[in-house]
Each structure stands twice: as C-alpha cells, then as structure tokens.
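Each of the two complexes below includes chain A, the first together with chain B, the second together with chain C.
And now, the complex of A and B:
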C-alpha cells in the first residue's frame, strides 16, 4: 500500500516495510483492531450495569475490575496513541515534504513494540485500573497480570518516546528548506507539540512503573505505606505524565480538524499563527495542571489554587482553536461530507466537554465530583466526543488514500447520527449519575436507588447506540476497502481543483500567510 | 518529479487482500484468546511479594515448632431455610460450630463442604470479628470467588503461636450470622515444649495390656477386639511423667510391631522409645513382650502397629497424655 507502487505487494512486504506509509498503515490498522476489542469490553460493562444486582455477563467484581482496566488501557495506549502516530506517519513526511520519516527503522521498531505491549496488557488482563494507583497496585493487585501490565505499559511508553523522537527530528530537521516552520501545516504542528510533550512527560511514568515494580517485589517501598512510602507520590508521578498525556491524546485530533475543516469549507484557514500559538500554549499549560487530579488528597489551599489556575489557563488556548475553526467555516461554502460532519460534531462536543472540565477544576465542585461517574462522563466525552470524532472523521478522510476506494457517504451519515446521539446519551447521563453520587469503577449497585437504575439504563441504551455506530464503521471499513468504488485520487471529495489531496500536496494551499 | 502518474486510480485493496488482513488479525485474536482463557486462573494467581503477610510476625501458618500431629476436622456450611441463621455442621446443638483444640505446631486439616444453598468461603483468622484477614494458606475460596453450593475443599492450618483462632465464612456478613467456630491453640506443655517431647519421670507406674488381632479375611486389623466388638482399640489415658508398661501379645496370624506415635500415618514418628520390635524385625504370631517408657509432654497421641499400612487398616488407638 505504499504510494510509489501501482501493483499490490504481498502482505509480508507491507508488514516488514519501513516506509512511512506502510508503518502508518500498520499503526492505523492495529489501533483500529484494538479500538473494536476495547469497545466490546465497554459494551460488556454497560450491559452489565443495565441489570443491577443480577450479575449479567460479569459474575464477580474482580472480573469487572479487570474488564474496565483493560478497556481503559487499550483505548488510551493502544488506540488513541497509535492511531495518531499512524496518521502522523502518513501525513507528516508529506506535509514537511520529505521522502520518509527521519529514522525509518526506528519507526518500524516503535510500531512493533505496540502489538507486544498490547499482548502483555491483554494476556494478563490486570485489575489495577488504568491508573494503577498505589497501594492497591503495589500490595494487592494479583500477579502475573499486574506485572505484565507494568511491562506492557513500559514497552508502550518506550514506543511512544521513540516515535516522538522520530516526529520531532522529521519535522524540525527534515522539512524542506523552502518551508518555514511557521508554515508547516497545523496537523504536523500538532504532532510536533505532542511529540515534545511526550518526550518531557513520559519518562516520569516510566520511572513510576519501575518504582511500582520494585515495590511489588518488596525490594523498595516508594509507594508502600508499610515501608514508609507515600502512595500520593505515585499520584504525582502518574499525573505529571498523564495530565499532559490528555493533551497528547487531544491535540492530534485538533490537528486533524485543522487539516479537514479548511478543505471542506473550501476557504483558507482563518489564522495559521493563532493555531500554532494555541498548540504551543496547550503544550506548556498541559504541564501546569496535573495537581487537579489530587485536590481531594489533602493538598494545601495555595497549591490547589495554583493548579486550578493552571488548569483554567487551558481554556483560552482551546478557545483559540474553536474560534479558529468557526472563523474558517464562517461564510464558507461548506461541503458536509462525512469527514466534515465528524469534525463539526467533534467541535460541538469539545466545547461541552471543555465546559465540564472548567466546572471540574473549580475546587468546591471538584470535591463533589471527584471519583464519581461525573469524571467518567467528562473524560469519555473528551475521548469519544472530541478525540474519537476527530479520528473517525480522519479515517473517512484518509480512506481513499489508504485504499484507493471510496466509502459510502450514506452509511457514514448513519454512523455519524448514531455516534453523535449515542455519545450525548451515554456520557451526558453519566455526568448526572456522578452528581447523584454513583462512584466510578462500580461493579454493581442496589436496585433501591431507582434513579440510579433509570439513569444507568438510559446510559446503557446510549452505549448500545454508540456501539451500533461503531459496528457500522467496522463493517464499512471492511466492505468498502474490499469492494468500494474507485476513488478519484486527485480530488476524491469533489472539493474543487485548488485543494490537492495530501499525497500530492507539495505546498499545502490551505495554510495562512 | 511529477505525481501525474498517480492520477489513474490505484486500487490498493481488494477483497482477497482484505480477507488476508482479517485472517491475520482474527487469527492473532483467536490465538491470544486461547492462551488467555486456557490459563484464566494463572493470570491473577499470586499476590505481589510486598503484599504477602510477613510470616514470622504473624500468628498463622509458618515456621514454628511442628509436632507432626494431625487433627482432622470436617466442616459443612449450613443455613436455615429462611437464610437468617448460618452455621457450620448444624444449626443448633452440640454439633454446631464445634470447638477445636490443638497444640502449637499441630497440623489441623479442614475438610470443608458447602452444604448450603448460597456461596461461602472458608478461612481461619485470628481477628475476633469481621471477615478476616485470613491467615495465609487457610482459605478455601474467597468472597470474590466463593465456594458454590456442593463444592468441597481442604485447608491446612499449623498454628505457630498459642491463642484463640476462629474458623469462619469469609463472605462478609456470614460470620456475624453465625458461621464462626473457635480454635483453641495451647502451648504443647507448661514448659513450652512441643508435643512429643520427653519429660522427667514422676515415678508413678501404670500398666496396660494390648494384643494384636485380625479378622479371618485379613481385612480388619485392631487391638484387643475387632471393630464393632467391645474392647476395640481402647483409649489409654496416662499422666505426663508416668512410667508406662505395656504387655503386648501378637494374637494374630501376621507380623506386627508396636509404637506410640504423634502421627498415625507416619510409623516413624515414634516417641519416647516406646517402640517394641520394628517393621524390619517384627513380632511373630504368638510372640509376646513388654515395653516400658516414660510418657512425655501432654497431648493426644496414638498407639499403632508400626508395620506400614497396618495402622490404616485399624491398628490405631488413642494414647492421651494429661
């Protein structure tokens, strides 16, 4: 599936290729496979919660813990990160006008660590939850599952650092000399930002994983209270990596919106400069807000205030992106093909998720919402509503480049409607459930709480709708890859001759200046 | 370099290639699934080292004096029909939650059956209330993964310290409903010696007579009288320090030898030089003789035929030192 070749090559040639489009293809296919596997787990969890007290599908609490642990770990590390890396592999070298990634073999190595890490996570099926808080993960989480999770995360962390180094070098050092950095398309800018963030943030988690492992072995006691350690220290190390990681998940989706919205608006981007500025801002601010995950751990008032302001500082930068999109679409002749639908839906849900986030970081409210389904709803609204919408839209957008074929616009619209509907129904409802006091990671709840039962059942029906939309997505990907109509490779979306398809884009025409 | 050559449609995927890709992905998932489910219990099988109880500080199983004596206890989980009373063995009466007496270092083997209709889990704990924490190695099932109705299991508890222990149902709430029995563990003797230890003679002398008997079909073995007859395997009770003389006669048609042991399943656990003859050089039919020894530390012992297998066939009586 490499660009230069006209004839299909044997599958093994693609699997062991180091060309950026091949590696990008492998990343994307792997991440989609993990998306659907983790999606099945989500359906099991939601269906189980539809029937309180009956033990449907999940018969004990440990199994329930294991299922949502693997669901979370997979969606974040085996879907969101590899998918962004896959699309980045495809588009970044084209956008900076280089023949390949800077280090093609390193690129392939980084990819091949993903299935290995994935296998460790899935075979062990640990029950630590994806955050693996001490002391549970240190003194109680059964092995070898938890140890396999630690090693799996370790491998995935190394993989993401390697691919980040590759993106940084490709963008900064290998871009065409005629292309100034400020004119590099914004999707490549988003990959540059998240790669720099990964290189800064990930080593902390890598260290925390080693500390956790030695703590489990009883050699050290960093987080083990029985040995004088501090479990809160783990939270700091973890969230120092994973609050920035939230932006690492998010920014590629925003970058994809920058790629797609101007094309389908058939109008130049409103402001390249403000997009670059907002990416850099979010990249910096991402490191100033990790403490808001720990407001309820007895943090002193001054520290909490600093982290609250640090978190709120993300609002103007996120707002710059949203206004940039709106200004681009303003007065444009927009074509609402599937990619554009998902991007517009993603912006709307990004706004609502962001509004929930602002409430979350307000200290007094944080104490009410902490550890409840509110947080589950908030985080999923971001991850599904913005990130998955961006990724699914991008998948439709890049589908002709992957396959040389077109998807079905009709089925894509059905998927969009179901996905939008399902996302709102399941995750908005979860916010309310949180305010009603339902704790997150709950295995079962009493039937006496009628409103919990009702809201859970509403949320579960929403989840089924969301699941149905992804079944349609999967069926489309398979069917139209095999039998779809041949795409017009010059202008597959009929946007007009001016906007070239990425594989030809020598100088992307939609950038500002 | 121009890209115009790509303007012709390039079909990079075809049904055949899509099928190949699906076979690869689904194949990996199937292999992974088989690996995962075939080892389902393995993946979550042990506690991290940091979370294991520190054995020598805990009263539970672990390095401590071992007497070699075994106490067999069989227990059943039972429930009242209205599920309001839970207990072991019987809902009321003397069988309900039998109290167990043992010495430090004794091996208490629990043979547990869930004879109830709901889920239970067996554990021994030194905590006076609540569902645990269980002493390591004494659990059968857990609250997360309980014993289903009809399930059976065994657990072993070797107390390392004297004190009160409890055998309970580890499912939260069941102990409070009555599934709780006491285990009294006492030091092996006042001097703290393990059971089986020798003590200085007090000068008090006692005498007993025993004879080896066997059924005509060689299937039942016993002392003095066959099972079901009066005088079968009589209990011998002596005081610690007594000088005991036993007149032994082989009234059977096979070879035997005598000894007082801590563990009837181990003919080598003979204590206090109480052996008369041995499996290598046994008493012939009709032979008789005396053995004299000083009864040691208080406890519950067994006199047996030390020819391997004979104790199992019935040549096994209680020898109690008070």
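And now, the complex of A and C:
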C-alpha cells in the first residue's frame, strides 16, 4: 500500500505512477478538491437566495446561471464519478486478488482526463445548466463557454468509459481463479454493474454532445427546430444516458455500505445473493425509466404509463439493499465509529429520497413537482444524503489505509451531526418550497409570498450548517493526515479480526511510465 | 444466502404499495388528460422572457391573462425561441412550451382571484423573471 506520509515519495512519483493505489489516490484527492470547489459555489447560491431581491450577493442573473451550471456539472462529473473510481481503483484489484488493474496505463490516462475536463468546465463557466437542454444550449447559450462545457463533458465521458472498461476486464478476467464471481465482494460487484452501465449509456450522450456541437456551429440541425430538428430528441438522448447515470452515481455508495456495515456490525452480511441480484436488477431497470424526466414535454399517456412502471420497478431492488443492511444490523453488536455513523445516516436518507422518488414518478404528482425546488431537494437528498454520506464514511474508513494515521473520532462525530442536520434542514425544506411552487434554477424570487422567503432562509441556514460540516471534514483530512495518531494497521477500528486489506502489500511494483 | 422468507415478504409489501401508487395515478392521470369538448381554446406563446395569450375571439393579452370562473379552458402552448414551461402553480397547470411542437393542457377555474404564472423550464438570462398573472373573474361582470 501507499502510506504516502509514512514513506514520503516525491509527488511526481505518485503523479506519474500507473499503480492502482496511486491512481486511486490521485482520483480520490482530485475528486475531493472538486467537491470543495463546487461546495463553495453551492454556498454562494444559497447565501444569495437568503434574501429576495436582485444583487444580494451575485450581481446579475447570468452569473447566477453560470454558478449553478458549474456547481452541478462539477459535483456529478468531477466529484461523484471520480471518487467512486478512486475507491474502486484502490479496492477492486485487492478484492478480486489481482496485482493491479487490468490496464494500468489506460487507468492513468483515464485519470488524467479528469483534471483536463474539469479545467475546461471551470474555465468556460457555461450557463447552459448541467442538462444543457436544446435549443437554448444551441441557439442562445454564449460561447465559448458552452463549447468548452461540451468539450469538457466529452473528455470526462471518454474518461469514464475508459475506466469502466478497465474495471470490467479487471473483475471479469483478472479475478483469482479460485474466486467465483458470485463470491466477489459486493463493492466490486457495484463497480462491475456501474461500469457495464456506463459502457452502455455513455456513448449516447457522447453522440448527443457531437450533435450539439455541430448544431452550435450551424452545420447541422439535429435539435434546432428552425432547421427542422427536434429538441425533444436531445432530451431523449440526454436522459437515456443520465437516468442510468443516476444509478451509476448511487451504486458505488451502496457498495461502500456493503463493505462497511457488516464489518462494524461484526456479523456476516445477511445475504450476498440478494445484494448481487439487486445490483443486477438496478443495472437493468435503470434503463427503463429515462422518460420520467420528460412527462411534461407533451408525452402521450401510454408512454408516460410505461415509463412510470419502469421507474417504480426500480424501487423493490433498492428496497432489497435497504433490507439487506437492516437485516445485517439486526441484533448485531454494532460499533458506531465514524464510517458506520455515515452509512446508517445514508440509509435513512436513502429511504426518504426513494419515497420522494415514488411520488415524483406518479404521473399526476409529477406535474406538481417537476421543475420545482422539490426536484432540487429530491436529487440532492440522493446526492448528498446517500452518495456523499457513503463517500464521506468510506473516506473515514480508508483514511488509515491512505495515511497510516487515524482521524479524530470526536470531530468526525461533530461533522456527522452537522451534516445530518444540515442535509435534512436544507433539502427537506426545498421539498416544501417546491410544493409551494417555487421554480428551480431561478436567480431571484418574488416577495409576494412570505412563505417563500421564510423557507428559503431556513434552507440557507441549513446549507451553512452543511457547509460547516464539510469545513470540518476538510480540516480533518489535512490536519490528521499529518498529525494524527499512528493507526494500528492490523485493526484500526478495533473490530476484532484483521483490517481486511493487505496494508502490508509492497510498494507499488511499477512506478515507472 | 438463505433467510429468504422475510425478504420476500418485505419485497412483496413494497410491490403491493407500488402497484397501489401506480394504479391510482393511472386512474387520475386518465381523468386529467380528458379535455372537455366545450373547453375554450387559448393560445399561449412563450418567448424570452414573457408569455403572450390569444383568446378564441382574437383578443390578445401579454403577461396578464383574464379568464372567467366556471368555464373550461384548453391551452395550446407554443414556444418561439427556446424551451419554456407554462405553469400556474395554484391550479397545477403545467406543460412545456417546446419550439416546433404544440402541447395542450386544460383546466377550469372554480374560484376568482389573481394567481401567478411562471416559467418552470430554464430559458436563460431572465428565466427567473418570466412571470405573469392569471385573473379569474366572475362571469356576470
């Protein structure tokens, strides 16, 4: 393992390494950097919405539009995807008992596309929103920002396809011959599922991006009604990639829960089989529900019904995961160290986010919630409440492995309480704001409705609490990686039994090029 | 593995709830989509960044729409430039305005008063300010 800080190596040796632990480390650190950058944008948006009126903090609406576009694109493509890939890089080869990823150089290439794509997105600072609906993104969005966003997304998409190919080959072809596929740990199963999904889903978006670019250049008119195109075609292409992508963001976090919950429950997992089954089911059903993002575009009744059924069908499989977690914890001697706290919090919020999702897809209710702050609250409850909780918990769990040191349990608890509190306050309130009719992606809201002002202020205070929890997180990561107590590498969490991961594995065996 | 019964009972309960939600929303949506034959057609056009309306008798209005209580109205929704979304939150009237397409939605106000109209699909610079109002009046006046 790396143990960077115990055996210092020059930073370029890590940067140019192709070893899976080094690439995983780079992925993780980069994604966390983007998390904090996009988090600052979120704080700006929420603080701006504290008071109704223009120019409270953000001077004009175009800046506001650019800020929420980059916030969304960054959190999804530069935090959620690379973080999962980072932990996957670290753990998957160990879990399938192989010396490295199948294609180490491809792995490093896939990683180095991330900062490049990120630079394009951030330097462009586009205002298309992260969904970039045509025809706004084609005929109105100012360039070169929108073009840089397109190229940035293109590069990030290729990067995720490359890393997915790598995971698929590593897990299916390079696993130890004594290890049957059904016995592969569930985190590796989650990475396998999302990698297969990426390979199927992502090319559609890649095609849509090229079409959008040529449309912007004026040489084609796929999505431009003035040239005979259809904007709805873009929506189909986009959501065919991005509804499955929701599961691609989610499943690694679920996989991390499978990794941590049995360990801290000090009890075997309730059922490996149903975990595998639920992953595969979600991987398939994820492709049957993209149309629920488009109910209000004039979709006919039958199509809406089909997509509603497709969406509801994903719920039992998600429920199986929750059941598996609860059954594992049932009657166990649970240790609530930081990783376990975050996982349990994540399950609770996953359940509430999932319940909200059922309401969204029920056709008549969709017309109340769609395009309002309800949806903002709903998807953030998934992304913060489930995915970020899983990722932060994983980060604490893997911290001794990364650094050879322990974080502070006390500060981790403070962070957990603030993060749980902030998440509930900001995103539950946003659900209510949506029911009151407040549209999403707005720069300012009218003062006619006092409840909007009050609810926005409650949500903003919640966002500050959430922001404070992440400041603590960042401070912990920096301070304790240098000054933390040295971890007991055999069993850092005192769970009894060994720390599962062969921390004593040698230094990367090929640090070269 | 094993321990199957409790898990299947749990999944069964979840599926039962989902079937209830699905069937109920199918029924309600069917009712909602059934546009009454006597509904008066109103053309709604969304463009950056205001709404304009045209009544069946040719009267045109911008931003403020005057309707009469107790009548059914069918909105024919057009967009001139980019996607918008026509929305009267208080009456759950919500349908995208897509350039190159015509979408329909109907409602029948049974209460007088003034209600906000807004755009609910991001449409650029002044999206936040693409507002209007609906005034529902008593038929007699």
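Just so it is clear, the second predicted complex is superposed on the first by the 492 of 513 C-alpha atoms of A that agree within 3 Å, B and C clash if a C-alpha of one lies under 4 Å from a C-alpha of the other, contacts with A are read in each partner's own complex, and residues count from 1 in each chain.
Convention: a residue touches a chain if its C-beta (ideal position, glycine included) is under 8 Å from a C-beta of that chain, and two chains touch if they have at least 3 such contacts.
These numbers come from a predicted model, not from an experiment.
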Once chain A from each complex is brought into register, does chain C clash with chain B or fit beside it? fit
Looking at A:158, would you say it contacts chain B, chain C, both, or neither? Reply first, second, both or neither. neither
Considering only the touch criterion stated at the top, classify A:116 as touching first (chain B), second (chain C), both, or neither. neither
Report for A:61: first if it touches chain B alone, second if chain C alone, otherwise both or neither. both
For A:139, using the defined touch cut-off, is the partner it touches chain B, chain C, both, or neither? Pick first, second, both or neither. both
Between chain B (first) and chain C (second), which, if any, makes contact with A:404: first, second, both or neither? first
Using the touch definition from the top, say if A:200 reaches chain B (first), chain C (second), both or neither. neither
Angle at chain A, chain B to chain C, CA centres, as a multiple of 10°? 60
After lining up the shared chain so the two structures overlap, which partner does A:274 touch, if you call chain B first and chain C second: first, second, both or neither? second
If we overlay the two complexes on their shared chain A, which of chain B and chain C does A:232 touch? Say first, second, both or neither. second
Minimum Cα separation, chain B versus chain C, post-superposition (Å)? 6
Common interface residues of chain A - those touching chain B in one complex and chain C in the other: 61-62, 127, 139-141, 226
Mind listing the chain C positions that touch chain A in their complex? 1-3, 6-7, 10-11, 14-15, 18, 21-22, 24-26, 28-30, 32-33, 48, 81-83, 85, 87, 89-90, 92, 94-96, 98-104, 116, 118-129, 131
Sites on chain A touched by chain C in the complex: 61-62, 65, 127, 129, 133-136, 139-141, 225-226, 229-232, 270-274, 296-298, 301, 304-305, 308-309, 312, 315-316, 319-320, 323-324, 327, 358, 362-365, 367-368, 370-372, 436-437, 439-446, 448
Touching residues (chain side chain A, partner chain B) in the complex: 1, 3, 6, 8, 11, 29, 33, 37, 60-62, 66, 115, 119, 122-125, 127, 138-148, 215-218, 221, 224, 226-227, 402-405, 478, 481-483, 486-490, 503-504
The answer for chain B against chain A in the complex is residues 3, 6-15, 17-22, 24-25, 28-29, 32, 35-36, 42-52, 144-145
